[in-house]
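This is the structure, below, for whatever I ask next.
Note that the chains take the letters A, B and C in the order they are written out, and that residue 1 is the start of every chain.
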């Protein structure tokens, strides 16, 4: 499997949970995390061409009870085969208290899944349990301990309240993802046009992610035909600071990526920032300057991200 | 198939929610719009819904796929594939691994794309298909194990519901005329007597005959089609149904069964009363005796019915006498082996005969051991 | 692995395969494929290799292939075999070694 999650410079250090845990500017973008039903052979055969930043094989909601076993087998056969074995793939397993969880975990860790997405992560304690299980399986199959990463899905009021502890619960946690459907049920909230019912959860989860130095994915946008609604929501969450969104339909990938792409002017500015940073480094200067103004670390990182987005999806029209 | 939901529904199961409660009417409506009726023998339905509306259905009766309706507007959605996948799960859960279907020739290509293979087609009316690509060959290999050589090899196909002197008469005439007679007892389970009972009665009736070593007995198979199980749902006209059944059954016999055993003669009783059977016998000449490049002709021999008391002996007459408890009349219509069995037989669907009659011994024959009934049940047909 | 009951796995969607398995006195594999001309033999090979890997020596295996990739075929055969037998899944056997 590729090592996008562990660029050579990165070190795993639970004591230092910061942006440095993964050099996010050096990693490929994590805008789009697309669910692919693991029961669907046809989708597995073609989904890799859609250009999502991350694919998540789904063993949970998208799979009927009767097909839990066959979806698991299809997922692991796909994970170990071209082209998936050369791509970063997460697998959404069934919940930790379901009868499918143990086999799901055994199968996908052994098959080399890069990440496990845990549904209904309500507390850090669940992450600890998952961590211990992963360690045991990794040992049993001679996979490096700690190499299976975790995306914790936050789907309840408790999960939102505990988001920070969850994000910090294990160095395996590389991302947290807000899942809206169950959260709204739990809250007794109802969807609104502007998404105000998700406002607190988005902010809370995002703060937890940023403080822990992990990626953060926003909720699924259900109505595939409502392109305008999707784009408006993407603008909102992008400005809040989300890395991207969980998706269930590949049609939304280009819309999402376009929103995250810089304009030509933004790209030019980002390139100047990065050139200046590299020049300063080469000359051993402690201060980076662009147009006579001092530029600090986060701006350089943002510039690197913009360049990476442009490299992945080009630039967007200035609007 | 994003927005299409495939489920199943077994008639008679308790409807759990309002959607389920509406299913019977919805299925009936869908079938009616397609010019079909809700058939009572369907055990389970695969259903396709879109936005809560029923857009497709497919029924399972035994190992037959039937009553297939798919919304014309949704042809591109591969509804048939989804329905069949669901129905296969239902079939396997009931221990059935091979499915077959009779369908309009226009749907044969769709079924072929789903793994079905056409076995026989009749006059553009109906195609018999099955989803086991080597099923016929396996059956033929089994059949070949009972092949015996001979100059004149004949076949008789009967339901024997139950085995009567009429059947015995027909079989003896065939045995006198030929070296070998292959006897096929239909395997359908819709008659008063079960397939195992009917098979055992024929077996025991033949064992008592002097020509017994000329008979080779075969249980029914899916390749010998009883009219009782021939589905009629997509054919409206009774004459079409009769033609379709005869065409498919007789082609299977000529092409798949007869060559394996070297059968070149088929014996059949004359049919003075039933128009349908008379028609079938007529069709027999057409399908078996017409020259075909790949398949040898099979000569049809129609034998006059045995008469008792001035009337032909038929299984119907036997069952009437049995229902009336007239064991004295029965003794004139069935061989001793059958009579012994009927006397001891626990009642199946009809009221028990009144009082035990005195056993007649008009015909010499061995009497059944008391546990023969159980043995017969264990025979798989 | 002993096949003790009939089982089915997979679908008839394009890119998938339906695998049916029943107890049988020998190993018989029957394949019909929508891509028979180009890939029929490859499909049969993958099915047989998968059965061999699982130690299935006696079964009638009927495959209706709709253009499934090799890994999907393997997965469908494995699922059918698991459903038809009584042995728990040994993930070491299933995932061990080069695929």
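Criterion: a residue touches a chain if its C-beta (ideal position, glycine included) is under 8 Å from a C-beta of that chain, and two chains touch if they have at least 3 such contacts.
Being a predicted model, the structure only gives us computed values, none of them experimental.
Chemist: What are the two chains with the most C-beta pairs touching?
Modeler: The largest set of C-beta contacts joins the chains A-C.
Chemist: Which chain lies at the heart of the structure, taking centres as C-alpha averages?
Modeler: Central chain: C.
Chemist: Whole-Å distance, chain A centre to chain C centre, using C-alpha means?
Modeler: Centre separation, chain A to chain C: 35 Å.
Chemist: Determine the centre-to-centre distance between chain B and chain C, using the mean Cα coordinates as centres, and give it in whole Å.
Modeler: The computed centroid separation for chain B versus chain C comes out at 33 Å.
Chemist: Using Cα averages as centroids, what's the distance between chain A and chain B in whole Å?
Modeler: Distance between chain centres, rounded to whole Å: 60 Å.
Chemist: Can you list every residue of chain B that touches 2 or more other chains, as numbers and ranges?
Modeler: 89
Chemist: Which residues does chain A have that touch at least 2 chains other than itself?
Modeler: none
Chemist: Can you list every residue of chain C that touches 2 or more other chains, as numbers and ranges?
Modeler: Within chain C, residues 10-11, 13-14 contact more than one other chain.
Chemist: Per the contact definition, I'd like the list of chain B residues that touch chain C in the complex.
Modeler: My answer: residues 1, 78, 81-82, 84-85, 88-89, 92, 95-97, 113-115, 117, 131-134.
Chemist: State the interface residues of chain A toward chain C in the complex, per the touch definition above.
Modeler: Where chain A meets chain C, its residues are 40-42, 44-46, 69-70, 73-74, 76-78, 80-81, 103, 106-107, 110-111, 141.
Chemist: Any idea which chain C residues touch chain A in the complex?
Modeler: Per the touch definition, chain C meets chain A at residues 9-11, 13-17, 68-72, 74-76, 78-79, 82-83, 89, 91-92, 94-95, 99.
Chemist: Note which residues of chain C are touching chain B in the complex, please.
Modeler: Those residues of chain C that touch chain B are 5-8, 10-14, 18, 20, 22, 28, 30-32, 34, 62, 64.
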